[in-house]
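Multiple structures follow.
Look at the two complexes coming up: chain A is in both, with chain B in one and chain C in the other.
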Partner chain A sequence: MPGPLDDDLTRPLEGAAEAASAEGPTGPAVGRDEWVARHGERITRRSGVAGTLEARLAAVPWWAWLTLLVAAACLVPVVSDSGYVRRVAFDTVVFMLLALGLNIVVGWGGLLDLGYVAFFGIGAYAYAMLASDQFGVHLPSIVAIPLVALIGFVAGWLVGLPSRRLTGDYLAIVTLFFFQIFLTFTNNGDDVFGRSLTNGPNGILDLDAFSFFGWTLSTTTAQGQFGIAYLYAAIVVFGIVYVALRLLNDSRTGRAWRSLREDPLAAELMGMPVNWLKLLAFAFGASVAALTGTLTAALNGSVFPQDFAFPLLIAVYTMVILGGAGSQLGVVIGAILISVLLEVLRDPGDSRSMFYMLALLALVGVFRLSRQLAVVLGGTIVLGFAARAVAGAIDDRWTEGMQGSGRVADWSSEWVIVPTQLASWIAPVTYIGLIALVLMLSLLHGWVRIAVLVPTLYLAAFVWENVMLAKPEPTRYVVLGAILVAVMIVRPNGLLGERRVEIV
Partner chain B sequence: MSVATETATPQLLQLEGINTYYGQIHILQDSNLVVREGELVCLLGGNASGKSTTLKTILGIVRPRTGRVLLAGEDVTRMPTAHRIRRGLAIVPENRRLFGPMTVLENLEMGAYLRPRSDLKAEFERVYTLFPLLYERRSQLAGTLSGGEQQMVAMGRALMSKPKLLLMDEPSMGLAPVLVERSFEIIQQVNEAGVAMLVVEQNANVSLSIAHRGYVLSTGRIVLEGKAADLLENQDLRKAYLGR
Partner chain C sequence: MLAVTGIALGLAEGWRELGQVTLNGIVAGNYFALGAVGLTLIFGVLRLINFAHGEFLTFGAYMMVLGNWLGFPLPVSMVVGVATTAVLGVVLEVGLWRPVRRKRVGELQLLLLALGLAFFMRNAIAFVAGPEDRAAGGNITAGVDLGPLRIGRTELIATAIGLTVILVVALVLRYSSLGRQTRALADSIQLAETTGIDTDRIVLVTWAASAGLAGLAGILYALPAGSVNPNLGFSLILSIFAAVIVGGVGNAYGALLGGLLIGLVQEWSTLVIDPAMKVAVGFAVLIAVLLLRPQGLFGHGRPVDR
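Take a look at the complex of A and B:
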């Protein structure tokens, strides 16, 4: 019989020595295939300015990024004294926190959890019930906040329990169903066996503001503007959560989550407690969401069921996917981009400049125009001036409907036809016509394509000025969707997502 | 290694009258299989003969309808996979199934998931001495390695759990012939270091040349068993698997 394993295996073996000296006369050693080995790396390594920049940015340590993010958020109130801007900054930090939490479940655990926003709601409602007159409970914030995080953890665990054997679309459906249960419960919670738990659609009002050691963070300033203390509170929570998650990701559990995401069967064959790990990911994500819920609940001083609707779920998912699921910094950047973008697109003037910039970027990036760019742009504007002159000659009212002001608006009113009144058939026809033209473009090549680009661009400007700007609310989401599609084409794993490495 | 083939050596793994079904389909039929301590056993069979099902039954991924799986004399038939791994089982899965976007080091660490943290350093040293190349490649992503290197990572990952019995599912799959021979040399060396092995293979010639004993599966039944040398001489087997 051979001796104990240790003694024998610590001794180098013959084959290993041979394998190590690849240039042995006996031919290639096991696995010594340099070209194949480096092949994947060669593909992933990008060259040029973009590649160098990417490599440089990747070398920046994580704490430097965190410091930068926190410093930038802290600077917002210094730079601007507008209550609106500060409130947007607060909302952005809340989105950053939500994205960090969802990243645990989706990015690390690889679990498609469509009930995530419900945990945000559970956190807000839990805080509302623990710090208001609803049940006459007024816990001090220092107790209520960790308690809510714990409640979120337990809630995530419980939702995970029935779902732990599910994956992919099955898990998505179950969690979506849970989200629906949450919405139904909060909406109808005003009469649970004769008692009012959630006050239904009327929500819970007059929540306690955060208060630490006798020092209360007031939700509004004397002028009735956004209380800046909440921005700082959110930043502090963000910093703590970011560092904690960073440590978690670097731990054995973090790596186990990643291997679980890559290959659940192999993970199980390594003896990993797969179900336990899934539950843990669910619970940690839910805990972060619930913790975030306390921030918004305390600031708003109220919670309503409609605060936790599906658009919020879609927004948070967009942030995680755009930023790159799995990368902490990535999802935070995704949250900043989406949150700020959605605000910028509210304003017609800003969204107009954004539109023309995007159109220009699309010409350069998607259609790869360089020299022909001048031809296309010149052609479009000439066509525009001609069309506008003709339209103006027929009837003045056809050209005097330009909304808004500013340089971009003045400039575009020079060549885009904007009638004061739009016949009802024009909007759908031009909209569908534009989509048809764009689809046609993908089939065309050479000069024909460039010739078709000119009317397409003009039609796009027409549709934008007449149809889309008139309805800013849906337009925000259309533009956001277009940006997301474009990013996903250029970077399929999101801005900072882990590159997927296929095992061959 | 005449010692290993003696019946007096304790049995590490024992399958007793296993009957496995996929729905109505009877896959394994009254299978009996034994691996003793320090032994290198190969399980041969063509496509759809039940090789993979046997491994899945041993690991607990599928449950037999009747029969028992014993690990070192203990009945583990009703135990989940993780508990069996804890009892000294490890596997190099078919197609290796590495964690592609994780480094070699992280892959190895995941292999030792059930080991106490204090033992980790010793395990790494053990595997790196066996495969010095893995030490060189430790911070490279596993998915970017060549097929032969990936095979080493898969074996290293399995050995990280310090198994008593290592299961190998088609180690020759997807490797160039020269690499197949090399990887079987490594299998033999790991075995000589005291790890019992059950190698599931289609490549009868190479695997029988290093094994102590062998089983031949055909449509869910073990049709032949015996010493590897005897099996190599068996005319039926030669016709069926070696084509001459």
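Take a look at the complex of A and C:
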């Protein structure tokens, strides 16, 4: 446990400093457990250039990172005047907020909340009901937004209540149920005791735009493009939430959450109100999600049940896990990466480049700069050219189906077999074969593994070029699921998560 | 309590209607039960809530459709579906779960891995087979009259198969050496190991059984329904979770009875409320059980936390 306790354990005994100085500065200190004293270092230090770089980066204060993030987000409209880019920037900030909220529950509280997106939906629907003609209520934004955050807090509190006696996995099931019921209710809420609450699948339309003290943030510009004011509104909310959560994390409650996550039993023995803390984490996360819901609801001017579906939950979880649960900066970076990735996958040309880049990065990450890397890369490239040459010699139609243009496409069309017409059995068979090969890789070691890796990589490229690019929508979900699984296996603590050593 | 509710419903809504929904409840209950027993066994043995269990149901149903497409007769296709799903369970254990367990990752990470796997599998199935409904191959028009009640012929056959398999599973668990070893593992994997049980082998058998039964559940759901789609498993998994918890997590007999109970209660509720809200009834039962009797209705009073 960091903090004061650590100091107590590692403080030298009376007179130890004198005794130690007698042995010189490098000798082991008397009365001081070296292993315990260096405990903190061992957690974080890595050797080499990476370690130094990491230490430097870790020394940058959190507000500098926040300023950098906010400044970068603010500059997006300056760099690009495309409505599409601005809208993507807005969505990314929304994802950043959602990831921050989920980080409270998962990263700090250590609870698995599978109903998180439902709170996002509750926020959006609450705003819709408080600021539209649905019930004829038109609260000013300055009242409606905090009220929705409060509603989210209370909703989280109520859903968390059964978790009083539940361990992690029960909670996951209960919250998943809650999510499903939220969806059922919003989809069928057009006839509750003869009164329409949610309008069912038709959603609630014509919401009020944000309006502060008579100044309305219009959702579109005069040219019908995305209203830039909402991007700045989202950034302001993000900044406030980030700072507030930072302070919360450094507070007594934040420290209690961390100890709860590390070891609930020990935390309870220390006299911590475990149930109270769990509920609090849950409610804070739900509150942030609901607050975020107001942003999207006000910008879209409408809410629909299908806006809050299961893939969104997986996306937010992938962001938090990839970035590293527990680290605010980490989850925000995870949100940016996943949000951009999901956008890139919409376009075949971009996602082709992305695929080869990520494959190369992953290989370098696994093998470092070693002989094995050279063998794998060289083998894959040779295999590709050989396979394409053979296929081209048999029949020209087997190799002339490459769509799109650009340097990467030109290059890969020389390397991957892309038939003009794909027989219907090829897609499923190669796809399943690829999954089987990947599963097999986890069982192999040494040179056999490298020998299998080469055809696996080529098959992956084949499947990507021929099968995945043709269906962008399911591909995005498959990639999302694959990333979540891969991160859990390769680096369960994420990119910036706190690495911990097991104290045996 | 169940009987009292039943009588009250019968008086209020008429006995014929009650009989009909009871019949529907038993039909639904048998595939819930088959799904739940596999889920609860895996939880008991590995302490893993397998969120991807619903996708086993989907996979089994699709493999049966594939068998039909290859021209096998329906019973053979059903066997193909169950067998391939069992193999999938074993492959995932060997290729994914065992390596991950060796790394000693935390409980939260395992749950998230299962969640990611479920999402991946569902979309991979949608990817290969297409998102549209596909015909399951059973005859869904023929019906059988049982006195004043009516049941589809395929439904009747599916229910008969389901109830038979439930009985066989219960007997195997109770009397065979394999069943005893599995239950021993579910009680405590360390104790089982010290008594000389080959735990790795039993874990593999449990995965095969769990996935195979899930595949069968998917098939028995798809045949009377007439069609399969990639969301088949996800639409059932919550009720299956409810069945597992109601029966007491890790308790195989409890899961069988819990499945039947959830099926019955959800179908009864359609007499009173909008059928679309069926899932909410399952949730209400789940919450009630969790608050009043967290070890499950058929649990032995062991505490929930390990």
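Here, the second predicted complex is superposed on the first by the 384 of 504 C-alpha atoms of A that agree within 3 Å, B and C clash if a C-alpha of one lies under 4 Å from a C-alpha of the other, contacts with A are read in each partner's own complex, and residues count from 1 in each chain.
Criterion: contacts are C-beta pairs under 8 Å (C-beta built on N, C-alpha and C of every residue); 3 or more make two chains touch, one makes a residue touch a chain.
Just so you know, these numbers come straight off a predicted model, no measurement behind them.
In the superposed pair of complexes, A:488 makes contact with chain C only, with no contact to chain B. When both complexes are overlaid on chain A, the residue A:173 reaches chain C alone and has no touch with chain B. In the superposition on chain A, A:423 makes contact with neither chain B nor chain C. Residue contacts after overlaying the shared chain place A:431 against chain C, while chain B stays out of touching range. With both structures placed on the common chain, the touch criterion links A:394 to neither chain B nor chain C.
Looking at the shared chain after the overlay, A:259 reaches chain B, while chain C stays out of its contact range. Counting contacts as defined above, chain A residues 502 meet chain B in one complex and chain C in the other. Within the complex formed with chain C, the chain A residues making contact are 106, 110, 112, 114, 162, 165-170, 172-174, 176-178, 180-181, 184-185, 187-188, 310-311, 314, 317-318, 321, 427-428, 431-432, 435-436, 439-440, 442-443, 467, 471, 474-475, 477-478, 480-482, 484-485, 488-489, 492, 502.
Residues 43, 49, 51, 91-92, 94-96, 99-100, 103-109, 111-113, 115-117, 119-121, 123-124, 126-129, 131, 234, 238, 241-242, 245, 249, 274, 276-277, 279-280, 282-283, 286-287, 290-291, 294, 304-306 of chain C are the ones that touch chain A when the two sit in their complex. Of all residues in chain B, those touching chain A in their complex are 3-4, 9, 37-38, 59, 61, 81-82, 85-86, 91, 93, 95-102, 106-107, 109-111, 113-114, 117, 122, 125-126, 129-133, 137, 140-152, 157, 159, 161-162, 178-179, 182-183, 185-186, 189, 192-195.
Remark: chain A residues 1-6, 8-17, 19-20, 27-33, 36-41, 44, 252, 255-256, 258-259, 262-263, 265-273, 498-504 touch chain B in the complex.
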